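Two complexes are shown next, each including chain A; its partner changes from chain B in the first to chain C in the second.
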Partner chain A sequence: MLQLIADGVVIGSIIALGAIGVTLVYSILRFANFGHGELLTWGAYLAWTALLGIVAVTGPMQPLGPLSFGWPLMASLLAAAGGTVVLALLLDRLVFRRLRRRGNAIGLIMASFGVALVLRNLLQFIFGAVPEFYSREIQVAIRLVPRDVLGGLRVTADQLFVLGLTAVSVVALHLFLTRTTLGKAMRATSVNPQLARVTGIDVDKVIRATWIVGAVLAAVAGVFSGLTAQLRPQLGLDLLLPLFAAAILGGIGSVYGAVAGGLIVGLAESFSVPLVGAEYRAATAFVVLIAILLVRPTGLFGEKA
Partner chain B sequence: MTALHVDALEAGYEPGLPIVRGASLVVEPNEILAVLGPNGAGKSTLIKAVAGLVPVSGGRVSLHDRDITGRAAHMLVHEGLGFVPQTENVFVNLSIEDNLDLAASVLKVPKRQRLGELYALFPDLARQRRLLAGRLSGGQRQMLAVARALVGAPKVLMLDEPSAGLSPKLVGIVFDKLVEIRATGVTIVLVEQNVKAALAIADRAVILVEGRDRITGSARDLAGDPQVAALYLGHYGGGA
Partner chain C sequence: MPDLVGLLSYGTFFLVFAAVFAIIVLGLNLQWGFTGLFNVGVAGFVAIGAYTSAILTAPDYPNQVGGFGLPIIVGWIGAMLASGLAALVVGIAALRLRHDYLAITTFGIAVTIQLVALNAKTLTGGPFGLQFIPKPLVGLVNGNLAWNAVYLAIVALILGLAYLAIERLVRSPWGRVLRAIREDETAAASLGKKAFRFRLEAFVIGCMLMGLGGALYAHFVGYIAPEDFLPILTFQLWTMLIVGGSGNNRGAIIGAFVVWALWTLSGGVLREIIPSEYQARAATLQIVLIGSLLVGILLVRPRGLLGEDAVVSRHARASAGES
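Presenting the complex of A and B:
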């Protein structure tokens, strides 16, 4: 029981970080970006590329304490976040901005499917389809709760790192959105872009900030996914539906809803494995999504239109 | 020097389909100019185009003799042009204080001092500053919308039908507030359907017909001209 909760929270953390980007883009740029999953994949592979570069210069990565990785992966994570931001801004400049200016809402969604296909195939072309790992160190799980208490609980140091950095990211985002002028401008633009303009807010700057925040969190989620499982070109595609389920479940447009939604989807997936089998894991998230939307159509934190 | 000069402006939402077709306005400093006209005359489109929200395809707009034609809406606010939209004119997910605070942060004005001045002008808002704007009544919301537009101490304040959806009593309160605001040195351009209330506080008025300025005159003269009222101001008999 405790183990299922812990595993669900770890998966949920990764989904939550990705879902924040989906919900921010939806509320500020007003379209469902089906290419967002690929930002996670590219973030993960950019970190892997940076890691290869660093260890080529500094020698093999030495793990930090009980973690399976050392500082080179942390430096690679920063580089990957920067690279993913550049990629997201480039995509906006080349594809989404043109369609946005024409007011082509359906075109934006269809273009995001196209962007996803191009990004995924390009990545597979460059890196190949063979799974990769950041570290091949064998990690021994730490027993936090004895087996006779609710089945016991064992977690790896990497999982604790994922949970800790997710919490830091969410708190940092909360402070950014509530304490900074740009963060408040993002919240205002999400509610009423025209009013934001006549309040003096540079909406183009807000849009750039949205891509930056979404891309940074996508890169972090991608690296976490690679760290807790493996790197595969399908990583983002497999996470795409849970990301949208989390964003919708939390109330599309709500950052806090995306976090709650991510955790719920993660827990639902985790609990489904012993109950209905791993093959129905993804479907369980949607059962929960449908159940919650039947009771609360606007999602957990959504507001009525 | 004119406060706002709109010269032969053409503007519309679709290319090649202008709604405003050569409208001109001259707004003198510290006056209240009412922009009136029948439904569909292009009144709202005209001030939205001046505010940078509707594409301009021809003509020229200058603010205190500076050419501002086609500038982005957010830049115009920094230039001293305030705009109060007709609907959805407050951030409903923010409190009264946060609505004003956000505008002050974006426009980089001394927050405490400016909000203090605005709360003195709108004591009702001061009393409920922590309340979410989405919970305000129509009249309070309109006051907040006006206060939000005043945060940057604009030279010219444009309002798009501030009486829309308000009871006659509230229209009176809002319009009295506009007179108070003018007394602080702000020039006001008021687009209105409520002709009687608008002409009661305006110095001059422009009647817009089919996207062009058809008649300009003093508010008193236009209010007393039955032919003008019958031809162009269908709402004159009604309203507050």
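Presenting the complex of A and C:
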């Protein structure tokens, strides 16, 4: 029981980070970006590449305390975040901006679908389809709760690290959106783009900021997914449905909704395992999605349909 | 002359596939081209049709549901009904909302169908798929080539019927309402047209054609597996529609043949020029190529090869000619 909750929260925090990007792009750029999952994959693989580079110079990675990785992975995470931002801005410049100017809403979704396939297959072409790992260190799970209390609870240091850094990211994003001018401009654009433009908000700047925030969080989520499971070219594709489900569940445009939605979808996936078996856990997100669309399509925290 | 036989059998093979794709793209055109419904889970609906027909008609496998051994035509009708039913569930959940929701929900059903196909071993055979799917009329013709030609005739006949039926539908008052809703839902609603009902009908009919296409595919190849229905299939079908020209049924059919020819040719070229140890990676390049074609067409020529006719009603055309 406790174990299921803990596993669900770890997956949920990865989904939440990705879903924030989906919900921001959806509410500010007004389209469902099917390419967002690939930003996670590219973030994860860019970090892996950077890690190989660093390790080649400094020698093998020394694990930090109980973690399975050391500071080189942290540096790689930063590099990957930067690389993913460049990728997202490049895609916007090459594809999305042109279609946006034409005012073609569905053209954007369709193009994002094409972009996703191109990115995924390009990545598979470069890196191959064999699963990779950041670290081959074996981690001993720490027992937090003995087995006779609600089934007990064991977590790895990596999982705690993922939870901690997710919390830090969400708090940082909260401060950015509520305390800075650019953050406030983003929220304004998300609520009413015409009004935002009239009040003199630089919408192009807001759009760049949206891609940057989305890409950084996607890279972090991708690295976390690679850290807690493994790196595969389908990493982002498999997470895409949970990301959408979380964003809709939370209410499109709501950052806190995306976090709550991510955690709920993560928990639902985790609890579905003893019920229907691990092989169907990915379908849980679909069931959650259909349920929310039928019951409350505006989501938990959404105002508009 | 073995070369001629090889070429002929390759040709019929190519044409059967292209015609099956054309039937599916006609369904997609009804949804997207005429109604503006964005279906990202085409492969899922094709898979439902393929598996339904295979399960209904196939002989008894060990450890598996099925062995109904029903006539193939029952399988095909069953395929259409099953895909239509799935479309009904998705449509009721998503069609009342903004178009993005349909995209996300159809993507979801494709992922879920893929999971079921991979894991529900007693129903779908799991990763190994279903084999020995019966081929229609196979007892009546001698040889593979002759049978391929017979099957091509069947598929071409169905494609022709589907084309005529869809043309008739979209030119009927019902079809004009679809386009009115696509262009301006509020205006259509003010004339008393319930957008949700029309959308749902168009969505279900389109998905039934997709299911039929899946069934036709299954009974031609005789073997289906989950990997036949990956998102890349959806993507190929979309490229066919966009290249051919959405909103135009002839365009949809032409697009299916053109893109399938490009796909087959680029695959052949890549196989020729890339050393065999890199073949698996080369296959991904082919997808990158076609993906770039789609994005490029969207940017450069969004109308496709054949655009949409401005006037569809023959009455309106006649009066336009008179004035």
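The criterion applied here is as follows: the second predicted complex is superposed on the first by the 296 of 305 C-alpha atoms of A that agree within 3 Å, B and C clash if a C-alpha of one lies under 4 Å from a C-alpha of the other, contacts with A are read in each partner's own complex, and residues count from 1 in each chain.
Throughout what follows, a contact is a pair of C-beta atoms (placed from the backbone, for glycine too) under 8 Å apart; a residue touches a chain by one contact, two chains touch by 3 or more.
Quantities reported herein were computed from a predicted structural model and do not represent experimental measurements.
Annotation: superposed three-chain arrangement on chain A; chain B versus chain C shows no clash, the two fitting side by side. In the superposition on chain A, A:Ala285 makes contact with chain C only, not with chain B. By the touch criterion stated above, A:Ala185 is placed in contact with chain B alone, chain C being left untouched. In the superposed model, A:Ala111 makes contact with chain C only, not with chain B. In the overlay built on the shared chain, the residue A:Ile5 is in contact with neither chain B nor chain C.
Residue contacts after overlaying the shared chain place A:Leu241 against chain C, while chain B stays out of touching range. By the touch criterion stated above, A:Ala32 is placed in contact with chain C alone, chain B being left untouched. In the overlay built on the shared chain, the residue A:Asp202 is in contact with chain B alone; chain C does not reach it.
Here the vertex is the CA centre of chain A, and the angle it makes with the centres of chain B and chain C is 90 degrees, a multiple of 10.
For chain A, the partner that touches more of its residues is C, with chain B and chain C as the two candidates.
Nearest C-alpha atoms belonging to chain B and chain C sit 16 Å apart in the superposition, given in whole angstrom. No residue of chain A is contacted both by chain B in one complex and by chain C in the other. Within the complex, the chain C residues that touch chain A are 36, 38, 40, 89, 92-94, 96-101, 103-105, 107-109, 111-112, 115-116, 118-119, 231-232, 235, 238, 242, 280-281, 284-285, 287-288, 291-292, 294-295, 298-299, 302. Residues 26, 31-32, 34, 95, 98-99, 102, 104-107, 109-111, 113-115, 117-118, 121-122, 124-125, 128-129, 237, 240-241, 244-245, 248, 277, 279-280, 282-283, 285-286, 289-290, 293-294, 297, 305 of chain A are the ones touching chain C in the complex. Interface of chain A with chain B (complex): residues 181, 184-185, 187-188, 191-192, 194-203, 303. On the chain B side of its complex with chain A, the touching residues are 51-53, 72-74, 77-78, 82-83, 85, 88-94, 98, 101-103, 105-107, 148-149, 152.
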